[in-house]
């Protein structure tokens, strides 16, 4: 093998990842974002630092001073806000988000057990991967992010037929439908779904994503709204809950997704 | 420099062009296609073998035995048929076609001078390159091929505005309009031309070609008919003169152009 | 058929490996020989959206457009040899007689014509789709809803009977667990999914493929861990990506090689599938030809070892490109030009006996671009291979050894060499080493531990693996 | 400004030339130096159809989409340096203030941000469009209909004032005659069009570009004979094409180099424009850096020297690709990956002092693929260069010498070497040599002869050249 000692690697490649390593630590950032209150603060920190072992105890303490709704909103979901921020800034990686979301979930379950009725979530989202398409990782990530932002997710999985999608939307009456396709030969299901839903008078935003699709394609059929990254899901969902219809989501797309790319 | 003596180039590249050199000579092929009649035969051969010096004399001789129309049809255009065949088979190169067409032209001029009225050509074609586009070689080649197949060509040149195209079509009343565009940012003139012509009730086939355009694009607006190669021009034009409209040209496109690719 | 595990290296040293040469060259197709002194470009493609509308439109897309364009361009540029790869889409495995057969037969017919007319060496790999769903059942008889396992086997037969020269599949066994583990940076779960369950699944499907190939006198090529290690690599991405750390991806790649090897242990002859970057490791072990892809597969994805990965390839691929027009022709023609010229460069280096030098240039260019590139540099790939053959008979222990060896190589080079890691990548690496060190020394105990730990993973069903 | 003709070679021998090094390196842009030990990838792109609808949509396409994608991918893959090239479209030269200015400024602003944030060396070449029409007049004041000559100069100024680092143009003087000649295989007409008229036209436009560059403290790069020799090459095509013979294309390439050289004689510093393959010849003469393209510009066209042409490049380009999505990202990202990795390979070879060896591998791969490749092999390119400088002060005689030298080199190698030619190509070569031999030895007589012979060529107007 050639001797590589003399090589000036800088002239061949530049390690921008190392060079750009964030100077801010998760602890510093969290410190700026957590609530003052000691009980809620502990809950937030458990989520942010993924302390699966502590969460039950700390949520229980918090529940002595706050309603379950408050603990969820200002403790658990707040924690995920911090996590989202850390992920957005490139300090946290995706698995941090996933594990934090599981910690949050545990806490939410406990809160719910102490609530009178069912918890009111931000909204319901039906998700699926197109028929014949096995590529579901992107959809799974998006599902976790939506859940951890307070949405109820009905996950239909992968390789889902058009008919099943229509039936589920009719039964579940979600605020949003999502579809993922990573293949040029499976994505053609989306315009068909759009058509069948419109025939039934259903006009909810249909967020479409996945390697094969692009914005031009998704905007070529009614109700389609493109998403490039999983992290854009909550942003688009929140605006939907604020009353944006699919047309308005499209019009504001650049703005809504800009920060999240 | 490295010594290349030891190299077995066959493992790196294969000279298919040399390997496939046509065994048939132009002379052999022409011999099979020329008419028996000695006068017409000479005219055909002058065109096929590009004998610019002889053509005047031989056309003059032929005109003593045949009408000018006959000399054109069975001598000069026949000669170009043979040239087209040689080009199609890869025996002749493009410049042969160009030079042969010039020889033919010389002969046609002589015949015309002996005709009563104006010569009836196969039809009239208006040609142009899109506004802002300087790439005109493909159009020039196509023009020569159309002319040598008996069409009258009104060549508007390159960088032609939409308005000029419309005016010329209205004035010249051609059977066919053609447009060439080699740039993604000039081809958008074609749908506009299509629209403006349709507004005026003009529905002639609009043959569109050039590196930037493809069949899907050209078939996305009415009257557009795609051409991939200059040599497809006469085939499409002939069918138009037989009464095919743009829809029928499109439907039969694969067949009409297959041999000419 | 018996599975013959690899327990020793087919190469005596890393330096013996070089592109365009394998210990066991393979001949097939229309005058094609791979691994005997020439690197062959392998061009792969995806149909345009809508082409799947009906069998005739799909056939036209694959045969009249894509195959014709490829063959014309190969002649135009004077390439002496080309391999096509058709990665089957869902419709072809779902209805093999309707959708798959006309495509396979049509492509071969056209290739035969070009071979006859020009003498160009040609072959085609059919990579059938693996549509099996863990929740419905991976084995024949289990999936009452779609019969996917049956359809998968049928589609291999249809390919072999109608014109395939080389059979491949990207088998997906164990991916339901690996998918779960990757999002949690759980290396144990990943090892269980791919190294263990995946290897079990391959030992079921590959003997069938090898039999079908033999019956039809074609070749069983090989597998690849697209479902696992490529997903890691894809998610780890480049210097702007933060989805998963690249150290994790690197270790999964090493583990994946212990799985990919199973196809060859079941009797497949190679070349394996391009889109798994574990080729250098399995080639080092088995001496069979490998298909690789890198700087000229940017149409499909950007990796951090675009040159390095060419070091010991026998086929050089573009991974895949959607069919569409470009200024320079159709997309398949453009990418064929790129891979074909790169193959020509390698072949010239071979003719001039400078192939080892070019290999080293390729390797050096990316050696320190990422931890995954580093462990795939042929010297390190060889070491990972050695770790695997040391425990060759035990699919668990060899996977673990592969992962651990890769992790240690990275750790060492990061400490005292030129491989730089971000803090997070270092943390991850330490966690991986800790996690792997904590694993039992014995397959039975590992199995038991994992069946318990992952019993609630969605879609995971031990019956798919006879566990 | 005076034109300083080249009358001697800047390199003492062909072997002194190698990629990534020029006698006269050039620094410009954001930390960019070309020709001083590193090959820089140069990525070029075309907007999607419709992007030209209005100035804002065009700016968005070029800046927010294309430039951003390129810079992100460069960082993602760790490329230390990148050059962008923007080939202006008609709308930008037709209305420079409205269409051109926002694009030029927007790109530079974004590049500055990335340079500041990551330290990546960046630069941008603006190749303004040459919209002049021979029939309307090529010089300022002549074109009453569109004022194209004025607009062309204005657009150069707008580029230089708003962010261009490097100015280029593919000047089209003489093309009306060359276009006519190429379709008739008339080498004399071609020589007159490109070698003579084209050189006269360049001596008018290039001093202006050099002045504008100086005033704005940017660089005047260089020209290329896209309008002539590339059209020949494009039409000559590959082994399935029969439009014009490749011997004709080869000879036109040699002649074109005598024209392309003029930009540098007028004070431009290099690097010249990629899309002329005459780079090896002009670099041999002048020692200025050259941009080249080949196997990784298949998106734009397929040539028969994909590797060879990398031999002495300083920038490595993709020529151009339409912006659109691919599996691996946007098209510009995919092709940047390919050229960036190839540049990395060359740069590693330089670091390991194996650059001359890699150069020879590149060259050998295509040396006999076509007559044009053969005369551009660096040893032959050097010889063509010598022929040019021998008559350096006479634009006619040097063009003729270049063409004749190329033709003789091909003839000789075809007779006694490894370069094979079809019968038709041989015929053509003989005709070229005969035609060139019949030409007068003196510029005045040549001019006279041609003005007479080509007076009826459509669009040709001697006044455009002050004749």
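First chain written, first letter: the chains are A, B, C and D, and each begins at residue 1.
Quick note on the criterion: contacts are C-beta pairs under 8 Å (C-beta built on N, C-alpha and C of every residue); 3 or more make two chains touch, one makes a residue touch a chain.
Since the model is a prediction, treat every value here as computed from it, not as a measurement.
Chain pairs B-D and B-C differ in how many C-beta pairs are in contact, and the one with more is B-D.
With each centre defined as the average position of its C-alpha atoms, the distance from chain C to chain D rounds to 40 Å. Between chain B and chain D, the centres computed from C-alpha atoms are 31 Å apart. Here the spacing of chain A and chain B, counted between their Cα centres, is 59 Å. Mean C-alpha position of chain B lies 49 Å from that of chain C. Among the residues of chain D, those touching two or more other chains are numbered 46, 75, 78, 238-240, 322, 327, 344, 347-348, 352, 354, 357, 360-361, 364-366, 369. For chain A, residues that reach two or more other chains under the stated contact definition are 2, 4, 7, 9, 12-13, 15-17, 20, 212. Taken as a graph of touching chains, this assembly fits none of the simple shapes: it is neither a line, a ring, a star nor a complete graph.
Remark: the chains found to touch one another pair up as A-C, A-D, B-C, B-D, C-D. Contact residues of chain C toward chain D in the complex are 46, 72-73, 75-78, 237-241, 294-302, 304, 306-307, 320-322, 324, 326-329, 331, 333-338, 341-342, 344-345, 347-349, 352, 354, 357-358, 360-362, 364-366, 369. Of all residues in chain C, only 14-15, 46-53, 89-91, 94, 131, 133, 135, 172, 179, 182-185, 231, 235, 238-240, 242-245, 322, 357, 360-361, 363-369, 379, 418, 420-424 touch chain A in the complex they form. Against chain B, the residues of chain C that register as touching in their complex are 37-38, 75, 78-80, 117-120, 325, 327, 344, 347-348, 350-354. If you check the complex, the residues on chain A that touch chain D are 2, 4, 6-17, 19-20, 211-212, 214. Residues 1-2, 4, 7, 9, 12-13, 15-18, 20-21, 87, 90, 92-95, 98-99, 131-134, 136-137, 140-141, 144, 157-159, 183-188, 212, 217 of chain A are the ones touching chain C in the complex.
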